[in-house]
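Pasting the structures in now, so scroll down.
Next, two complexes with subunit A in common: one pairs it with subunit B, the other with subunit C.
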Partner chain A sequence: MAMLTVTRIVTLTFLSWLAVVTVSFFVLRLVPGDPVDIYINQMNINASGDVKALYRAAWGLDRSVIQQYGIWLFGFLTLNWGDSFVLGKPVLSILSAGLRWSAAIGITGFALALITGFCLGYAAALRPRRIADKLSRALAVGGQSLPAFAVGLILLWVLAVKLQIIRPFSGGNVENLLLPILLVAFFSTGSISRITRAAFNEVAAAPYMRTAVAKGHSQASALWFHGRRHAVIVLMAGIAPDLAWIVGGTAVSEVVFAVPGLSERLIAAVTTRDYPVLQSYLAIIAFWIVVGLQLAGALRRHLDPRLREAL
Partner chain B sequence: MTFGNIWPKRKRAIAAFAVGISLMTAALLTPQSAWAEDKLIIGQTFLTNGLDPSEGSVGWTLVTHGIGEQLFSVSKQGKIEPNLAETAIENSDGTWTITLADNRFFSDGTPVTAKMVAAGFNRTGQTNPSARSTSGLLSFHAVDERTLKVHSEKPTKILPSILAEWAFPVYMEKDGEFIFTGPFAVESLTADKSIDLVPNPHYENAENRPELTIRRIPDGQSLALAFASGELDLAFNLPVESLSMFAGDKAKQVKSFPVAYQYMMWMNTSSDVLQDVRVRKAIDMAINREDLVAAARAGSVATGAFSQTYPFAAEKELPLDVNKANALLDEAGWIKGEDGVRRKNGQPMQLVLWAYPQRPDLITFQPVIRAALAGLGISVKTQVTESPTDIAKSGAYDLFLWAQHTAPAGDPAQFLSLFLETDAANNYARWSNAEYDAVIEQLRAEGDTDVRAELARKAQDIIATEAPVSFLVTPEWHVGVSVHLKNYEPWGSDYYIIRPDLQVSK
Partner chain C sequence: MKHNLSRNVTLWMCLMWALLTISGLVWQPHNPHSVDLTGSFQLPSALHWLGTDHLGRDVASRLMIGAQTSLFAIFIVLCGSLVVGLIAGTIIAVAPSSIASFVRWLAQTTLAIPTLIMALFLAALIGPGLYSIALALIISAWAPYALSIAALVDRLRAEQFWRASLALGASPLNVVIRHLLPNTWPVIGALAGADAGRAVILVTSLGFLGLSADTGQPEWGAMIYEYRMFLFSAPHLVLAPVFTTALSALLLNIALDR
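Right after this comes the complex of A and B.
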């Protein structure tokens, strides 16, 4: 039974991923802009029709779109991701070099946001309308309304230019990564804390809380012990959109703080219509989101037996 | 677990968090080696992604980083000059003989020989289409230690200029590594992030050059803030809106220089309105180029297809004469109505002016040009596209603002031929003029640089008379330098940023 469930989940995950990468492949080809023309203009190449044909053949653009899709999909699944049009280097090496930077920023920033957001949400639920609650609300509103790019530049201006306490461009890796991580964390902490607060509030209103307090336990400890599991379950369901935001948040961080990550490479690839880089990037991100959602679901099922029964 | 024992755990967590924060603070406050006084840090929006000159555009980045050099290069004055080569002579059979300069070395001390140069160039030609763009495939054969014979697939009179294109840095491959001849040698490369360079010990005056780190900072605003924070000794291509930040700062200077990415406006000569040369001339005459320079907050008025730094630039100023422009439109039958709009056969004079966001200055120009043409009685609608080549090629436009490097290898023929000759691949204006085509044919067949310059000026005169394109502004770029590089002079657009003369100022 368990084996069947796992097989079904893996199949569904793969089919979801395949649907996303297939649609994105063909949508990319519909975007206006010929990669050969863009490259030739960008590099000031004195290109006649012959030279353009050479580029088309070298980049595989002389084949039908269906053939290109088949070649790319087979190559991706067998770890032959082709060469970047612009850089002329294997996409796998380009993206794997960027992945470690993006993972460092995205995962650390999100983990930081989870810890601080969860603690803040708990404190906000414990003392409504006090400082933690107000801070949580301010972060949520700020995270939704402030442009990430501007916040990043302000961080640079204050910490690097005015206070000169950090060297994000010439310092070591810790200095390179600190501000991008904080930026990613900043934009996720608010929403995580509000979800957590709401989950703890549900528990705080439950009758068994009065029983716990009547037994002599403090409100804080009673809320923690009776509410944390429920809060984690609710949070797992609620952070799915934030998984996608990690990607967007990382892109802004990478550009502003010049971190050579995956997303920063994507922006350059969009401008130049570097299809091999774009397609492989989208495939990785689709994989990340689909698997992330499944893992979150699995964790929720682990924590809540009712969900296991419903499966 | 009981309620009471959670507090010790929480205290432990707080203690661990405090230790973590302390360690991070200590790490931040510990001086980094990158700040060593004897190593300069250069900030640029781009960086080489590898060291194989046959891959993508790596050849260009190697030269601009001061790692690679070509046989010929474009001087500050825009002239083709020998570099690793001494002479280039065209033979009677159309081949060329190149003699290499004496006493030039790769960074490992190996002398530069014709055999090594030929091996590198032949490899690049086979694998990189950009090396075949101007004259087809070039074949190189070593005649002796210092002599190369070159055969080109298509005949050419300008081989030195072709060899100054970015696809042709000289290199040798040794044990899977690439070794170059430039003033700096590669110490380490972190893809997309930074490259550490040391002076090439076998290059003249090596002892005067500092060690360098080139740091890639793709966003212009971040680059400006990195320079403002003192992290960079040189910031290449600062956004114009950031320059006020450095006014009055004695430790930092901003140096502006003209670049060859000329701003222009194509006029679609196949459109109903613009097929009349009088209309095109009127539009060209009504645009105040000084207003465009003011809108972009940098640059100078264009006189023709080329920046004034080139010897083949047009010398005469392009006229600004609104009265004559009005008279030309009247003469062409476009009469101004009471509403201020010109009409012909009952049809109002309406044009669509395109630009693209990849060059923000062009977007800035749109309202300025629209206002100038409104004064003439021409109604202009502005449009923006992210795919300029598609629109320009399709011909679905009237006016198109464009930026183009018009002399990437220091020669005028490429632009004049590729963009304006009848049926040329990039003839976006769809213009055809027999006299112009004849001049370009002469230009192609001429080898003497002075005569070529004269022919290029003649071609620009014809363009000015027929106005298939309106040359508008020669833009300027801005380079920030710290006191360590206060004597650095930028030139050569983004082709020669780090040069042999990059030395620490005393």
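Right after this comes the complex of A and C.
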């Protein structure tokens, strides 16, 4: 039974990933702009039709779009991601170098935001209008109304210029990653803590809380033991915007702090229509979001028996 | 009492900001484009309110003219996503279930698309410009409107006045305009405040990434990008547009979120 559910979830995840990747593949091809023309323009050469045809054949653009899609998809799944048009190097090696940095920033930042946001939300629900509640509200408002790169620049200015605590560009790996991770986490913590606080508040109003306190639990332990499961369920239901933010936030912090991550080549790849790089990039992003959403859903179903019927 | 006071203060700040932004479109203390290499890197003074940049251009004037792009973004995001969200929300609530569940799925999926990445792709694909910014803003902002309007319609449909007006022969469109729209404002207000703020931030972020509408025209994000190399030598250059953006987004959030 458990095996069956796992197989089902994996199939479902793969299918939604495939749908996203397929749509983005064809949308990318529909957009005007020919990679060969752009490349030749950039090289400043006066190319004849023969040269263009040669490039087109070398890049596999002479086949039909359906064939290109099949070749790319098969290659992607077998870890043969093709060569970048512009750089001529294998996409796998270009992206995997960047992915290491981006994943370190994104996943650590996300985990940090989840943990601190959850704890802050719990503390805020426990003592409304006290310091934790105010902090969580300030973080939520700040996260909504401050531009990420601006906060990054201000962090740089305060920590590196004024206080000179860290050397962001020349230090070791940990020193380089610290600010980007903090930046990514900063913008998610507020909203996560507000969702958590609201969920804990629902529990605090429930009649069984009064029973638990009457049995001798303190307010804090009753809320924690009776509320944490509900809070996680609610939090997992509203995680989609945060999953999306992690991608954008990681990209911004890579630009601000000059980290050689995934998005380093992104803008150049878009403007030159470097299809192999773009498709693989989008496939990675889609993988993160689809898997994240499915995991969140699976966790909710695991924690809340009432949701299991739905699958 | 204290609450009232802080509310008044923010209200006045919002009005000041709006006045400054709108008047800044027609009048600036200096020509924002005039270069004066002998007077570069001046600190803020009575003559140059926020100092001058590396080419001796007046930073305050450039900020004022740069507000144009941000105002346009706010306008687009409010009008566009309200219209799209209203239509999609009504479809979710009223249409046959196959169409409705597709639109609902579409809205929920859109929530998971990274806005900035989407905007970046659009800007680079269609060409940097106001159209791609507008499109990206609408694509990323319509879903919450649609979902909350659908929930609202669901709730309203159980109400007596809704069924009564349909029974009395009012057309569905009429019912939507007469009964749905007035009821949406409390729901939409908070969303609109957050979205107007996000629109300002997104436009500035795109400018910072080098995808602003028109590179000849001063724009907050582009200014931050241009001045960021002087972060260590002349921090006021970077901090001026940074604080302008943050303050605008913050004030919009506070002003519209009632």
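By our rule, the second predicted complex is superposed on the first by the 285 of 311 C-alpha atoms of A that agree within 3 Å, B and C clash if a C-alpha of one lies under 4 Å from a C-alpha of the other, contacts with A are read in each partner's own complex, and residues count from 1 in each chain.
Here is the rule we go by: a contact is a pair of C-beta atoms (placed from the backbone, for glycine too) under 8 Å apart; a residue touches a chain by one contact, two chains touch by 3 or more.
This one's a predicted model, so the numbers in the text were calculated from it and none came from an experiment.
Peer 1: Quick one: subunit B or subunit C, who's touching more of subunit A?
Peer 2: B
Peer 1: For A:Pro90 in the superposed arrangement: first (subunit B), second (subunit C), both or neither?
Peer 2: A:Pro90: touches no partner chain.
Peer 1: Figure out whether A:Ile285 sits in contact with subunit B (first) or subunit C (second), or with both, or with neither.
Peer 2: second
Peer 1: Mind working out whether A:Leu293 is in touch with subunit B, subunit C, both or neither, as first, second, both or neither?
Peer 2: Second partner only.
Peer 1: Pick one for A:Gly60: touches subunit B only (first), subunit C only (second), both, or neither.
Peer 2: Touch partners of A:Gly60: none, neither subunit B nor subunit C.
Peer 1: Would you check which partner chain A:Thr271 touches, where first means subunit B only, second means subunit C only, and both and neither mean what they say?
Peer 2: both
Peer 1: By the touch definition at the top of the document, which applies to A:Gly75: first (subunit B), second (subunit C), both, or neither?
Peer 2: Neither subunit B nor subunit C is touched by A:Gly75.
Peer 1: Once the shared chain is lined up, is A:Met43 touching subunit B (first), subunit C (second), both, or neither of them?
Peer 2: First partner only.
Peer 1: Is A:Trp157 in contact with subunit B, with subunit C, with both, or with neither (first, second, both, neither)?
Peer 2: Touch partners of A:Trp157: subunit B and subunit C.
Peer 1: Considering only the touch criterion stated at the top, classify A:Gly33 as touching first (subunit B), second (subunit C), both, or neither.
Peer 2: Touch partners of A:Gly33: subunit B and subunit C.
Peer 1: In the superposed arrangement, what residues of subunit A touch both subunit B and subunit C?
Peer 2: Touching subunit B and subunit C on subunit A: residues 33, 153, 156-157, 161, 255, 267, 271.
Peer 1: State the interface residues of subunit C toward subunit A in the complex, per the touch definition above.
Peer 2: 108, 111-117, 120-121, 124-126, 194, 197-198, 201, 204-205, 208-211, 224, 228, 231-232, 235, 238-239, 242, 245-246, 249-250, 252-253
Peer 1: Could you list, by residue number, the parts of subunit A that touch subunit B in their complex?
Peer 2: Of all residues in subunit A, those touching subunit B are 32-34, 37-38, 41, 43-52, 54-55, 58, 84-89, 94, 97-98, 153, 156-157, 160-161, 164-172, 174-175, 178, 217-218, 221-222, 224-225, 255-260, 264-265, 267-268, 271.
Peer 1: Going by the contact rule set out above, which residues of subunit B touch subunit A in the complex?
Peer 2: So the residues of subunit B in touch with subunit A come to 3, 6, 24, 27-29, 32, 34-35, 41, 43, 49-50, 52, 54-58, 60, 128-130, 132-134, 136, 165-166, 190-193, 213, 215-219, 221-222, 225-226, 228-232, 358, 385-387, 389-390, 393, 404-405, 408, 414, 418, 425.
Peer 1: What residues of subunit A sit close enough to touch subunit C in their complex?
Peer 2: Residue list for subunit A touching subunit C: 31, 33, 141, 144-150, 153-154, 156-157, 161, 240-241, 243-245, 247-248, 251-252, 255, 266-267, 270-271, 285, 289, 293.
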